[in-house]
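Handing you a structure now.
We call the chains A, B, C and D, going by the order they appear; numbering starts again at 1 in every chain.
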Amino acid sequence: MLTDTRLASDELQRIANELRDNWRTGREVDFEEAIAFHESLPRSKEFATVLESADAPLLQPRAGVPCLEEQIELLRYLQDEGDADLLPTTIDSYTRDNEYEKAEEGLAASRNSPDNELNGFPAVNHGVEDCRRLVRALDAPIEVRHGTPDARLLAMVTLAGGFQSFEGGPISYNIPYTKEHSLAETIEHWQFVDRLCGAYTERGVTINREPFGPLTGTLVPPSIAITVMLIEGLLAATQGVRSLTLGYGQVGNLVQDVAALRALRSLGEDYLPEEVTVTTVFHEWMGGFPPDEARASGVIGLGGATAAVAKPDKVITKSPQEFQGVPTKEANASGLRTTRQLIDMMIEQDIDLGGIDDEQALIERTTHALMDAVFEAGDGDVVQGVINAFDSGELDVPFAPSDAAKGAVLPARDDDGRVRIFEFGDLALPDDIKQIHASRLGERARTEGREESFRMVADDVDAISDGKLIGRPTGDSDLAGGVGDAD
Amino acid sequence: MPETVILGVIGSDAHVVGITILEQALSAAGFEVENLGVQSSQEEFVEAAKAEDAGAVLVSSLYGHARQDCEGFHERLDEAGLDVLTYVGGNLAVGQDDFESTRERFREMGFDRVFDAETDPEEAIASLQRDLQLTTTEPEAVRVDS
Amino acid sequence: MLTDTRLASDELQRIANELRDNWRTGREVDFEEAIAFHESLPRSKEFATVLESADAPLLQPRAGVPCLEEQIELLRYLQDEGDADLLPTTIDSYTRDNEYEKAEEGLAASRNSPDNELNGFPAVNHGVEDCRRLVRALDAPIEVRHGTPDARLLAMVTLAGGFQSFEGGPISYNIPYTKEHSLAETIEHWQFVDRLCGAYTERGVTINREPFGPLTGTLVPPSIAITVMLIEGLLAATQGVRSLTLGYGQVGNLVQDVAALRALRSLGEDYLPEEVTVTTVFHEWMGGFPPDEARASGVIGLGGATAAVAKPDKVITKSPQEFQGVPTKEANASGLRTTRQLIDMMIEQDIDLGGIDDEQALIERTTHALMDAVFEAGDGDVVQGVINAFDSGELDVPFAPSDAAKGAVLPARDDDGRVRIFEFGDLALPDDIKQIHASRLGERARTEGREESFRMVADDVDAISDGKLIGRPTGDSDLAGGVGDAD
Amino acid sequence: MPETVILGVIGSDAHVVGITILEQALSAAGFEVENLGVQSSQEEFVEAAKAEDAGAVLVSSLYGHARQDCEGFHERLDEAGLDVLTYVGGNLAVGQDDFESTRERFREMGFDRVFDAETDPEEAIASLQRDLQLTTTEPEAVRVDS
């Protein structure tokens, strides 16, 4: 039975040896030589060092294109013209599926075409040496950002390739990203990844790990996101990870977002072992964006303002072209600079928001309830606990595409725009907390003169892209919409 | 008897929110919806269309690999002897595409209609009703927020 | 001696008759027929009605191009694509100088060239009928925005032309806008303008008047701006103006801006006669903008966020191209939509900022001191009071180009980014208030380890365009700068 | 003896902040500055240059009418027998201009150097020192924030 225990060294070795044959580049990986490469890097490329010693939120975009030269050019642009403090390399979807053959085709096609045939950088196909070329070519530390349920080979190649931060986790890269992977399977795979990071860490090369906080990006109640962060943090810590960046995706309500980030940091420090350095990352709005760059800049602006107040260690920025597709480098840099301007203008201001403490207390109480349920469901073991809790629906994520989650929880905004829970499913919350959610949503239903319903949820899903925070009924039919074939 | 439509996200794409909204709107408008969920293969679409004797197949793709994922789809439908209405929609290309050329491309691949990500469920429903020559139900039923 | 008394009807008539001959279009003005034209307009074009009945901040851009057709096209674009609630017509600089001959040349040149040879719409040259064409062509109410010390003929033509709102005032369009006009002269001229608005108002056509709150746009301490607003409001009320929109320009500190807007509204209601309807307008940052559209969108975003919290009746938006020159219509609409997105996402949120009440109390106390000084300096008469107070420096505006103001006051930001006064000159403030300013600035000087000096002021002037709020010493020489001929 | 420079905003332009900053920086760098203020006419510039035996005339314009306001300026200087260095800077055109063509235009009008609004005072000072062949003073004196 899979439990929350450290993977033995020989197991790590055995699995690594097996994975090596999954794709040609696996054979290039040599741990000792990789350590030497990392040691050759300047401190300014040490991800954990840079992140943990910063005295203001660091900015990081998302970015990945198929070919190496273009990826270097893209990241250099974001570093120089976007003033990014930390760089990303976003991996393509085929690699995320471990379909290296398809990724190879996409890479070849992209090399022969002006268009990008992959939605990211196929790092496994590029292999260790090309990853190092990338790391060498840039000045800032680079993180692997992906969404891969089984990221073992990706971790082997990219960590040997000089990356010092690796996003994801067994829940956060399962529940929102896949349909059929079981949690037992992804946890087992991520124990390997985390253990590998631990092995580097023990050799003095700290690998930063970053569970993916936004989950489905769509109206995720803070307590659910934080619970997943704590569990993934605990699992990673067991495997020897010592630098953990817990994530949270903006919901758009200033008070709730600041409260959630404070709760995340404080609970992270409470729950995780002392030897782990906990930092936080704030993702600018991860749900549907407005199909208009000017309005999108407004959403990004609110993200920057929120970051200035909450002061997370890192901010993942969005671009004004988020709605339409992978952004141009100019738009990507634009999102960075809009965010920077807001943070720099606001960070020294003493902004003391009423109501944060109450909201933070509610989030913490709710998170404790969910964590308690997880521990109970596993009889004290987090691995079994989280598998069982998701299975029973005691822990759940709204809009989860994965069969591993019930996906019964439905969120909606209250009259103040804070994300509350409308349909609890079997979520392990005490009645008094459910009562608070119900009464806030009841208020809203009264304000709008309609019943709480899936329609309200759907309106909230569309609200920000329609230019509002709360999906109030508008009355008008608004059939305008998009360019379609509706003749 | 209500018309059955097959709905799903193709390839390894996991963007589920759009089809969740679409499913709800189509059902509210009176369609029988078979929602395959995310990461559905071409086979799954074809089999569902056959099994349900569907009037239309609605393929969703957001993550940018739609072209690759839909390649050969209509050949497969033909092989299965299905002459079903096909729609595709979402963010169909990687990057900041010009939608007109994207639409052209998917039309050539055999889709009857191609929709961008700004499409409201109401537009899809109106098109379905027209293409399937359904007697328009009460106007209230067409609206989702009714 | 000029006093704060209502201009007699025959005087109004006499002056109007004289002005009529200053430029050909003056002779087109017919008051009775103008009343009839206004009465023919739908309520949706009644400026005061629309503004005073709004339940959320209305958005208005700045915009003016020389030719009528282009001005219609521009405003229609801002109305349709920018979702502007209220429209502007910004007047060119020659008209502001009453140089109608030069404006005529510029207009002719603009008609024959793809470039605009004037920086605004020469409404006097266009005349009554063309103004009406403009008013008829748009759906929203339109305001005349200018900067004209002697705006009498402009008012005659544009009000007859169907405009229902007129910006400016004898101080706010003198001190920041000219060098040599005396206050006595501009007050006399604006008594005519206000009386004319009063005459329309008495006939049931309410003309909204909007004193220009931002003054020099550059670190103006709120109390000074508010004092000028109250005085211009009082002067206008005497002449029969009944719809007054008092203005304030964003300084960039959220707490100070919200406090200032609240103080403006509350003092406006206190000082102005009951029969006047007071509304407020918030101008997005009026100082130097960043030379980068992405960063500029950040500044605009902070403006939108501030407006969402302070809830003024109207917001004058900036465009992301503010730095470089008169914006394209697309950029102008962009600024509107970025602002709108922030307001709409935040307006329903209950944002309760600590420290507002204290800051508001300080602003109100300071404003009372300045108002008292004005009343005293005029022995109870506001007109004489304001002339004398500016003359002695008891009332003063920083960076005033006008000889009518001492321009001795120098502002600087404190450690929190609030605008304080560094050099008081002869400003009529009691010692305890001066003490507060001095101690806040002393704190900052200590933080930065440097003396308070003009250098600090200069750094603050550049700060927002350099991407910060406070002009901290950076250490690096930053000779990069602009495109010049420095070979 | 310190070199005298004439500074002012031309035409009916009232943007005073830029020249206020420039004046302070030029003085700190050791120049004798005659600041005419805003809304100065061509005559005022010419007379001041003559009266002060100035080494350079710095014309500022922000509001977009610089071309009109500067027309004939160099002819006037010639008539007055002045062979003085002339700089112009600010937002020299109405709208979103292409600075290169704006610079070309003002060069043709006779200005020795043309600066955009991104110009730091330091750049203007460095250029003046070069053009007037001043022995560079201590580097500290060149910097404004020294």
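The definition used in the following text is that a contact is a pair of C-beta atoms (placed from the backbone, for glycine too) under 8 Å apart; a residue touches a chain by one contact, two chains touch by 3 or more.
Please read all numbers here as calculations on a predicted model, not as lab measurements.
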Intersection of the contact lists for chain A and chain B: none
Distance between the centres, which are taken as Cα means, of chain C and chain B, whole angstrom: 53
Whole-Å separation of chain centres (CA-atom averages), chain A against chain C: 45
Centre-to-centre distance between chain D and chain C (centres being mean Cα positions), rounded to whole Å: 29
For chain B paired with chain D, centre-to-centre distance based on mean C-alpha positions, whole Å: 65
Two or more partner chains touched - positions in chain D: none
All touching chain pairs, where touch follows the definition stated at the start: A-B, A-C, C-D
Touching residues (chain side chain B, partner chain A) in the complex: 11-17, 20-21, 24-25, 37-39, 63-65, 68, 89, 91, 93-97, 99-100, 103, 112-120, 122-124, 126-127, 143-145
Complex contacts: residues of chain C adjacent to chain D: 93-94, 96-97, 99, 102, 106, 115-119, 147, 176-180, 216, 218, 287-288, 291, 321, 323-328, 331, 399-401, 454-455, 458-459, 461-462, 473, 477-479, 481-486
Of all residues in chain A, those that touch chain C in their complex: 252-255, 290, 292-302, 304-305, 333-342, 344-346, 348-355, 415-417, 464, 467-470
